[in-house]
Amino acid sequence: MLKWLETHTPKMVLAPSFIAVLIFVYGFIAWTGWVSLTRSRLLPKYEIDGLIQYDRLFASPRWDTAFGNLFIFGALFIVIAMVLGLVLAILLDQNIRTEGALRTIYLYPMALSMIVTGTAWKWILNPGLGLEATVQGWGFETFSFDWLVDPDMAIYTVVIAAIWQSSGFVMALFLAGLRSVDTEIIRAAQVDGIPTWRVYTAIILPSMAPIFLSAFIVLSHLAIKSFDLVIALTGGGPGYATDLPATYMYAMAFSRGDLGQAASSAMVMMLVVFAIVVPYLYSELRSKDG
Amino acid sequence: DPEAEVLHYWTSGGEAKSVAVLQEEFAANGGTWTDMPVAGGGGDAAMTALRARVLSGNAPTAVQLKGPAIQEWYEEGVLADISSVAEANNWDAVLPASIAGHMKCEGTWCAAPVNVHRVDWIWANASVLEANGIEMPTTWDEFNAAAEKLQAAGIIPLAHGGQAWQDATVFEAVALGILGPDGYRKAFVDLDMDTIKSDEMKAVFDQMRTMRGFVDDNFSGRDWNLATAMVMNGEAAFQIMGDWAKGEFMAAGKAPGEDFLCASTPGDGFLYNVDSFAMFNVDGEDKKAGQELLAKLVVGENFQEVFNLNKGSIPARTDVSLDAFDQCATLSASDMNASSEGGSLLPSYAHGMALRGAQAGAITDTVTAHFNSDMSADDAVNMLADAIANSM
Amino acid sequence: MPPILDIQNLYKSYGATEILKDINVAIDPGDFLVLVGPSGCGKSTLLNCIAGLEPISGGRMSIDGRDMTHVSPKDRDIAMVFQSYALYPTMTVAKNITFGMKVRGVDAATQAEKLAYVAQQLQIEPLLNRKPGQLSGGQRQRVAMGRALVRDPKLFLFDEPLSNLDAKLRVEMRTEIKALHQRLGASMVYVTHDQIEAMTLATKIVVMKGGVIQQIGTPAQIYNTPANLFVADFMGSPAMNLIPATTRANGNGTHIEIARPGADPVVLVDAQARDLPRDVIVGVRPEDIADAASTRTGADAQEAECLIDIVEPAGADTYAVLQLGGKHVTARLHSETTAKPGAPQRLAFDLGKVSYFSPDTGLRLN
Amino acid sequence: MADISTPAPRSGTGARIALRWTLYLLLCLFALFYLMPLFVMITTSIKSLDEIRTGDLIALPREVTFDAWRTAWSGACTGIQCEGVRPFFWNSVLIAIPAVAISTLIGALNGYVVAQWRFRGANLFFSLMLFGCFIPFQVVLLPMARVLGIMGIAGTIPGLIFVHVIYGLGFTTLFFRNYYVTIPAELTRAAKVDGAGFFRIFWSIFLPLSLPIIVVTVIWQFTQIWNDFLFGVSFSQAGTQPVTVALNNIVNSTTGVKEYNVDMAAAIIAALPTLLVYVVAGKYFVRGLTAGSVKG
Amino acid sequence: MPPILDIQNLYKSYGATEILKDINVAIDPGDFLVLVGPSGCGKSTLLNCIAGLEPISGGRMSIDGRDMTHVSPKDRDIAMVFQSYALYPTMTVAKNITFGMKVRGVDAATQAEKLAYVAQQLQIEPLLNRKPGQLSGGQRQRVAMGRALVRDPKLFLFDEPLSNLDAKLRVEMRTEIKALHQRLGASMVYVTHDQIEAMTLATKIVVMKGGVIQQIGTPAQIYNTPANLFVADFMGSPAMNLIPATTRANGNGTHIEIARPGADPVVLVDAQARDLPRDVIVGVRPEDIADAASTRTGADAQEAECLIDIVEPAGADTYAVLQLGGKHVTARLHSETTAKPGAPQRLAFDLGKVSYFSPDTGLRLN
């Protein structure tokens, strides 16, 4: 018995998490799937009523916008935040005297609640108040930066604020990764005459592949769940030009008492995530075992 | 002893002071008040919390609820019946019929009204109007003429914040003016498709397009109070906003009639936004007693007066003395009485009084999409019809 | 021609501990410098300093006439094999080897050709597509070698490159390195613990101890004329016998008298007249103490009867241990010797290469 | 130590110094970008409301006043109480500290198992766990409420801790697993031969190696939990509301008078504990923990 | 007494590649088993399997009579030195060494005592408070040794524990291990590339190649009677000379005829009459080909005049290379030999330990 316990300790350690995940993630996804097939409004109902909610979803122009935005926003946000985070981590890794202070500066946006920083950003990005006005005030009359009020460009302001908020964390993640790379290997590369940037791209970064996975998951999570940000910065506007699935879902579920609709949008969202994340995961985990 | 855990979303200084009155009264009657404020999104966050609490079997005793949501919650079978209180205090007699209608679920009383906000207000900077020789407009044409004049004078005619609910607020004021009270009712209470697709509705959208021209370019995402500040500063002349805007003026030390003017938006009718409390089914005598006490106090004259003095709205009761209220409030009260009798006392769709959330939301989606693009009125009307149909 | 590597007054410390002290070495192009010394004496540190991987605390260094004291490793044009291998873990063996060339823009054909050549030399052809994690210790070490061998740098630095290889392979690799050295005329600095490697490869040996250079010289100099007791003891296996003795100058050479327990002292006569103090330590290598019956009959060979304590057959040879001057003394006898433990045996002492050291300073006297 | 820029020059060459300056310049430019909103927030928080209403929103204050900070801390209304964010801090602390500790520990253990004690199905488990990171919280709100109700911890602090731990596990496991896969398996082997068991190896070998990733995880978890609003508002009741709900109540009233200076001050105050965590934890971003462990 | 380690039909593969094939080894308590074989032949893998660190693909294994095939490493009561050291990077040297004892609940006093003893043996006392990252290669290896030596397990597993040490220290360590072995009667499995280590330490040697055991035997058996060409070639340095020859049985023994270029064949006569095929490969160790002038005058020694190609002085000895039977043949001559490259020289071939192998199967014939 004791022996059995011992050989199975690793599994036993995972078991509670496993059960929790089964119930609280997959159970709830199943629940959502079920609700998405009903006409639930304020509160969940369980009489199945076919795919009506999906029909409604796909007929909604607002969902189209939100769904499309997810890809623009997601792609830009993930790529830029990743690159920026990485660049910052690498720069900070060069024996910087003021590393502690700079690191905190890069990180602090995470700490601030977006419901308030959103306001600050809104002012900064507002052409009449912020950057545009300031720069014009310096005498550059032709300077124009009015993305916030341009329905076609507003989503990019959301990207900017999101990057501002999250890239610091990605930086921290990469910094931790950089700090765990075996120094001897870096030395070997230096002696091999590899220029510094190649040392990073060819040797250090590949060995940080798992950290990239972490960053990717974190950023996708943030992209998909970006909610406060949009609400505080643009409120989804102008019009609903900066709506995202998360805000759409929230609006349906809670502001509008249209739970079935919210559930269907959640299911579509998760399907998308699945389609993107699973292949990546597969390749990532496979190669690790090779 | 009466006990109540009250979920509400009045959290700003003025609001808090107003609710505190209720709490004091409640305490004076031996009750224990547990405060559960959740602000945000015009009550969205509070509703989110409410749903979680109800599902976890831990509903608050009283909840700030309004409009059709009351009936929706009733249909879920979670609301308590407070008819005994209502009847004992003769609510039917003291409340305008259409407002009372919101408080009833299948004939029983299920909520207690607190106040009446008028939504279809137009606010103006007195000195700006004077300087440009402009009177408060009484028709949309007058408004347009005035606006053009102001624009020529380099003043932003209309201060507006580009948030969906603000767009909707302007829209419903315009709709009320152009469609008239009956048309408004058909369109936004009954969701009558003919009205929705009518040429008048197109005219409404056309007027919205015109109004868009009166708004400065940087309006997107602007908070309503910043728009109000523009009026205060003389940067802009008008703002269409509910009577809570008055609070901003007052807080800045401006006097109604002197520094700023208030008037109903062009056209007949009165759009109201009534805050109310609904009682949820709870266990325990203490809590039930608390609910009854609370209901009684909420509709009581004292609270109605003090609360609304603080909040800038007017009492839901028609029999409260208005001596202490300012001229905008008095105007509002008399308009309410008049329109109540004339049948033009109408629920604000933009503030969730007229329709279920999904339907109201569908309309707002169209309104804001139209306002923020160069969509034609025809397209907007078709889109509106589709959206409403899709939201059923 | 300037020295290819010139180290002057180099100091290196980690925090308060001085690891390298006043190192001065210069090697000419084509030199093969072998660093030897006890574990922890600073050999790897010195290589790291030469490579520019560790900042030095004092002194200067130039490579090929250019001052390199503050130049970064990648600009020093060196190739290095690390004691800890330091392979790139995410790259295959082939990539590990070709990566440096790729970065320098060597064309693909040349890369492939060099890779093939090196892989064949190192016998790692079947492993080219493996990752380092899938290799055995010796295979890793060979890949690390490969990474250096494909380069064509000014200077090769090798830190115990063969320590994990089996004897056969090691001999082959040694030959390969020697050939490389001769073919390319390459300059090399090489750390090894293997005396044979040191002897056969080096054109110059540096013996270090505790961060201080003890002797620099050709293998023959180091082996035959060690500069001090440490070098004498350290180089050669089994080590040189260091026997306390008293000397007496004499017309026909130097008399050396070595005390032994329970018998008369052994007296050997060095044919050369030398100016020595009375007390010395005499250094004689084990192979210079042989069976009397062996070929040691030259001018300097002297016979003496000794009591054998231990006899240790070791394949090709047999070692005998005896007591002389209060020390264990090892003699290398023929594997078919008649020596037996506990029995006396006539041994031939060959004084042709004898060394004398001062017991006080440890320094060589002759 | 093994930064790319070794050897640290005592007296560098000109090019080197220029490079160094560029580096610092670049870092400072980025810092400016990050600080911009904070600048707006701080200047706003020390302006009077009048000045905000009448002046340029992002200009420097004409007159500095810390009233807003005082109000935010102890006077702003968050309901009928007007005691600022202060009374809610403690709730947040009570929620955040145990939730961070528990989820980090479990995550570390999970990551350790998945990375170093591979067994069939470990990767599947990990993938399942990861995918859990993507479940929208809006979706889980209602069923979770039901579950908490059934468990009898609805509206309580343990309930909130529970929720945060559950939905933090995916990330903590992810971080640790991805850090631990880069640690040579030989270490586990050596420890096994030394007779250490599962937990011993974890405790003595892996935890000490994990400082940087613990920092990252704590930063993430603490931030997420401290700043969480949705769970905080849904699964709390009067008396257990975290500071974000208070902040929200101060900031987000729809129809009241907006006091931006108080909002900004409150937001900064609410963020202080998180900032403290960043500063304190940041010290443990140490390098070279695995140095000298194995030959590679 | 049951064998302390009994491995039966062990197979091990990584994916599709079979690394170990049908390994059968048993060692008795107190045995000192040395594993040798070319780099990559599976020695470390076999140690890992014995330790239970790698799951095996087939076969079974018992330690001290108990079946251990599926027992976890920590319950096998073994101590191991890893080829890659595998030190705990965050622990000091002292902690690294005592960790195993601490885990097993040894009391603090004993820990301290053993630590002190081992640290002294390994000469790492000044390093006890350092972290592994601050040690030199050889110091790390000694710490890894220390970690095993403080334990008192059923079985020690050593994977090239001395490869990074200098010759002197290595000899001392070797002696220390030998003493430990004798003092504790401990059983050991030891991987080394050092032939001398293998010869002097082992009571039993296993020679492996490509995952297959080639021969198991005492050092003398392996050295003197190698079971096949591989073992003959692999063990001994320089390697055994393997010379193709033709044989002819004859009244007074066996005639061996070895062709050579540009001269008459060398004919040697083996005094023993043997039953050999015509074509054989004759195995003669270099030390069995000596100067004629040396002591090789026994019954089996035969002289022949040969042309010397290369002369390689190597300190104590001089190696001469010549051509025989189409192969390079190495002879170990005296360091004062008269042999000169390109000149003929009389050499003595000692046939007392000659081996014969089949050219077809490679197996030993005598």
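The chains carry the letters A, B, C, D and E, assigned in the order they are written, with residues numbered from 1 in each.
Simple rule for what comes next: a contact is a pair of C-beta atoms (placed from the backbone, for glycine too) under 8 Å apart; a residue touches a chain by one contact, two chains touch by 3 or more.
As the structure is a computational prediction, the values presented were derived from the model and not from experiment.
Taking the CA centroid of subunit E as reference, the farthest chain centroid is that of B. By number of C-beta pairs in contact, A-D leads over the other of A-D and B-D. Computed centre separation for the pair subunit C/subunit D is 56 angstrom, with centres defined by C-alpha atoms. Each chain gets a centre from the mean of its Cα atoms; for subunit B and subunit E, those two points are 93 Å apart. Centre-to-centre, using mean CA coordinates, subunit A is 59 Å away from subunit E. Distance between subunit A and subunit B, defined via averaged C-alpha coordinates, is recorded as 36 Å. Along subunit B, residues 40-41, 45, 48, 51, 55, 223 each make contact with two or more other chains. Contacts with at least two other chains are made by residues 72, 83-84, 134-135 of subunit E. Within subunit A, residues 6, 43-44, 115, 119, 129, 182, 184-185, 187, 190, 196, 207, 250, 253-254 each touch two or more of the remaining chains.
Against subunit C, the residues of subunit E that register as touching in their complex are 14, 36-40, 43-45, 83-84, 134-139, 141-142, 159-160, 163-171, 193-196, 199-200, 223, 233-234, 236-239, 285-287, 291, 293-296, 298, 314-317, 332, 334-336.
Those residues of subunit A that touch subunit C in the shared complex are 182, 184-185, 187-196, 198, 202-203, 206-207, 209, 290. Listing the residues of subunit E that touch subunit D in their complex gives 48, 51-53, 72-74, 78-80, 82-91, 99-100, 103-104, 131-135, 140, 147, 151, 157.
Across the complex, subunit C meets subunit D through its residues 52-56, 70, 72-73, 83-87, 89, 132, 137, 140. The residues of subunit A lying in touch with subunit D in their complex are 6, 9-11, 13-14, 16-18, 20-29, 31-32, 43-44, 88, 91-96, 98-100, 102-113, 115-117, 119-121, 123-124, 129-130, 134, 164, 168-169, 172-173, 175-177, 179-187, 190, 196, 199-200, 207-208, 210-211, 213-214, 217-218, 220-221, 224-225, 227-228, 246, 249-250, 253-254, 259, 262-263, 266, 269-270, 273-274, 277-278, 281, 285, 288-289.
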